[in-house]
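Both of the next two complexes hold subunit A, though its partner changes from subunit B to subunit C.
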Partner chain A sequence: MKIQPKTLLTSAAGFLVAVAAWQLVATGPMAGGPLPTVTSVAVNLAAVVVTEAFWTSLATTVGIALLGLLTSAVAGIALGILVGSFEPFRYATVAVLEFLKPIPPIVILPLVVLVLGPTGQMSWFLVFLGCLLPIIMQTVDGVHDADPVARDTARSYGLKEPEILLRVVLPSAMPFIGTAIRVAAPGALIITVVAGLLGGGPGLGQSIYQAQAGGDYPTLYALVIVLGVLGMFFQGATSAVERRMLHWHESFREAAHR
Partner chain B sequence: MNRKLLLWLLGAGTPVLLLLLWWATSLQSTDTFFPPLKDILQSFQQLWLFAHFQSDVLVSLGNLLLGYAMASAVGVALGFVIALVLVARNVLEPLIHFLRSIPPVALVPIFISLVGFGTEMRVFSIALAALFPTLIATVDGIRSVDSGLKDVARVYRFTTVEKVTQVYLPSAAPQIFSGLQVSLQVAFVVMIASEMLGPSQGIGAMTLLAQQSFMISDMWAGILLLGVIGFAANIVFSLIRRRVLAWYIGSRRLARSS
Partner chain C sequence: MKTIFSTSRTSSAATAAQPGKNAMTEEIAPADTTSAPPRLDVSHLAKTYGMGDKARTVIEDLTFTVDAGEVVCIVGPSGVGKTTLLKCLAGLHPSSSGRAAIDGRTISGPPPEMALVFQDYNRSLMPWLTVRKNLMLPLRHLHLSAAELKERCDDALAAVGLSHAEHQYPWQLSGGMQQRVAIARALAYRPEILIMDEPFASVDAQTRFDLEDLCLKIRRDFNMTILVVTHDIDEAVYLADRVVVLGSKPARVLRIVDVDLPAPRDQITTRSLPEFARQRTDVLSLIKRPA
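Let's look at the complex of A and B:
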């Protein structure tokens, strides 16, 4: 998709107007209050970005989010295939999974903090739990979506069950799994930040908590802006990975030809 | 037939079995972090039925509902404006994409700094965080309205009001509802987070307080209540959705069976 120069211009203008409005409010009616000016936030942002502590906590945040996402993907796909392939398993777990699904991981945060303490392990565990259920459920759906004719064909060609699983069931479940991971990825980042902010886990969440508790509002705003940029990167990166890994699937084929 | 009954029993039986297992294995538990389920249920009854019901449970639910209602109304209305007015779209879209990439809970410290720890802070945090899923789903929903429908509306010279209420709103409704569902979950998470930061009342605050003062079974009672609320909110939403979108769900089922 090509962006028109005019569109770009209005978008930039909108952004500038928003920033200008913020600056006006911060220097005018709310001067000296808790709302920092754009300039002070920018100065702070520039000062924070060059410190080593900032990059350490940024790397910690991204690392925990990615590790949590990866481990929950591995566990979720394995469990999802298990649950999806055996009917008794599916019936036994459906009520439990449906009950747990709408409950966000922040609910058990106090317990996890109590057991594991304010550590990176605690943050990882919350991310792992938070991403696990959606990945399991999507994998189950994906396994069920496998074409029965393709399965029967594979069986009549004499493929063994593990081979069918690997060559027929898993590939047809891949788009479901890909979607689940793409949807879960921003969640992983959010949970890491929440674990730092509320549970004292390491990373940017903790830095935000310290800035807020210390009344250092320009740094607080600067960090929130960093998180916004990081979130956009995360979304873009996961979509790109999904497109690369699923380039053969029909929903991506058209895009490849364009 | 017999097999079906067996599977159904398995589905209904497993959660009951798990609960009984929890009860039985924890009955003699002396582990500080995992008290007997009996004690947890006792604390649950003492805390929430009904000593803190009015002072904390109702307050939390009230904030949740108010914030969510604001987010839904503004989200749908703004979504219409952005989808239908080109200038608004160009000006606001980059800004919205940036804001929605910020982890919603990270906005809570900013609201605390702006308006303090009061009820307004919580309602505003919930409303702003829950705004984006609905807003974005509404924009997408209106954009994917069938162009044939638009042309017909034009041929019949529908007024703008007629177009919005009779063409755009119904055909975007399925997507708006999935946005509203995500918003509900975000609102719930932010409700808990806003209570856990700083001294305040509410279920989240009570749970965290219990954790910090090592009243473990009280903390478990809080977790249990939050879990039940998260689950119940989702059920209520699904019921409303099924009522409002009955025509859509019916037509989908018909399309699939044919």
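Let's look at the complex of A and C:
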């Protein structure tokens, strides 16, 4: 997991080129337009991050995204194990799950806003729903991937079905679940922001909406940059948790055990 | 080592296993009360998969017994249904007809006094658990005291010579060591009957000899009844008191060969005995001969 200095340098160069291109476009062809310059965004960013309102809204966004991800993980793993292990559950749910899979959670946003209002609950519910399906699907795949020899081993030692599910099937499915959660994590953040942007839920989405409504483009872009950085942290954190929990799995062994 | 394993059987191991015993097996009044029933009694066992036209009989009619403290090897051509037989004996599959019984009780679910060692150690050991935790996995539902849990794991690891590897993960060990972990897990469960399915088929020849001797040592030290399925005739003759030779297909008993090689057996001296050569030729000719 050691990053080579050369790699780091190349990444930094790529980043600087992107920023320079932005500055060029903003001062050249689009000067005076809605795209602010890098410098004005930077100044605004510095002004924004010292306000208490910013940190409250940041904390709200992170809180809702994490809570949504966590609750959908718990529910998704439990449901996935049920659906994956018991045939009647599978047949009873397959039509509903396959139907819901291609529907993005944003589609039902108006309905949820109508029921729950422009609240944190509304945002949480959308995140929960958006992350739930992929986690269920991956858990089902993981359950089906559990080795029959491992199950037979547990059964031959007199373990009962609930204990086998908990101690053999669930850990076997963890690599699949880990991938699902890692992929869902940025989605949780996106849905939280969109719920604020379009549904009026609290957090950074709402702040962005207010900046846009007030025509304060430098602040708008400052907040977008904050979101980008936040997304990177989210991705990094979930990857780190995955690596830690799945240190025994083939794909992580080398990094975790020399 | 000997005393540790035999004493605890009478203490918490026996009481912990007792309720399970009644639940998993049906009491059957022995017809013949004059002599003790064999530890393991397989009579007219048959296994058919599927129904009607698609029915496939894997085991036709198997009858043999294993006495207490005996090592019995089952040999036969590959694909003869040896693994199916073990799964029936271990209570993982119901048999289609006939019965298998332990001490006169028909096996209808995993018997608490039996442990199974699979050929595929890398599929049977849990990669997310350390060696010690793999050993503890089957013991959790026995609700042992922490002291007994520790003692059982320590003893089992010492018996297979892996005390130093308890905190490693199975995949950090060599194939032979992993199979020793699987055997240690069975020992920690303190079974009276140990059943092994091609246990040494996936390791190199030298390790194979070591593991065969480990198997004989376990029988000697813990007075265990051991049933080994193998396709290796030399191995069967070296290990067994009796060899059950199966013919295909479907599986049936061709003959039960008594192996009277002197104990203790040794890889070099036993295998060079003329008697050893004669016994293995006997078994081999049974298998090679067209049925």
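Here is the rule we use: the second predicted complex is superposed on the first by the 235 of 258 C-alpha atoms of A that agree within 3 Å, B and C clash if a C-alpha of one lies under 4 Å from a C-alpha of the other, contacts with A are read in each partner's own complex, and residues count from 1 in each chain.
Here is the rule we go by: a residue touches a chain if its C-beta (ideal position, glycine included) is under 8 Å from a C-beta of that chain, and two chains touch if they have at least 3 such contacts.
In this text, all values refer to a predicted model and were calculated from it rather than measured experimentally.
Within the superposed three-chain model, A:A95 lies in touch with subunit B and out of touch with subunit C [touch as defined at top].
Contacts of A:G158 after superposition on the shared chain: subunit C is touched, whereas subunit B is not. More residues of subunit A are in touch with B than with the other of subunit B and subunit C.
Touch criterion met: A:A150 reaches subunit C, while subunit B stays clear of it. Touch criterion met: A:V193 reaches subunit B, while subunit C stays clear of it. Touching subunit A in their complex are the following residues of subunit C: 20, 24, 87, 90-92, 110, 112, 114-116, 118, 120, 123-124, 126-128, 137-138, 140-141, 169, 171-172, 189.
Put simply, subunit A touches subunit B in their complex at residues 7, 10-11, 13-15, 17-18, 34-35, 87-88, 91-96, 99, 101-104, 106-111, 113-115, 186, 189-190, 193-194, 197-198, 205, 208-209, 211-212, 215, 217, 220-221, 223-224, 227-232, 234-235. By the touch rule above, subunit A contacts subunit C in their complex via residues 147, 149-150, 152-160, 163, 167-168, 171, 174, 248-249, 253, 257. Across the complex, subunit A is touched by residues 7-8, 10-15, 18, 33, 87, 90-95, 97-99, 101-110, 112-114, 185, 188-189, 192-193, 196-197, 207-208, 210-211, 216, 219-220, 222-223, 226-227, 230-231, 233-234 of subunit B.
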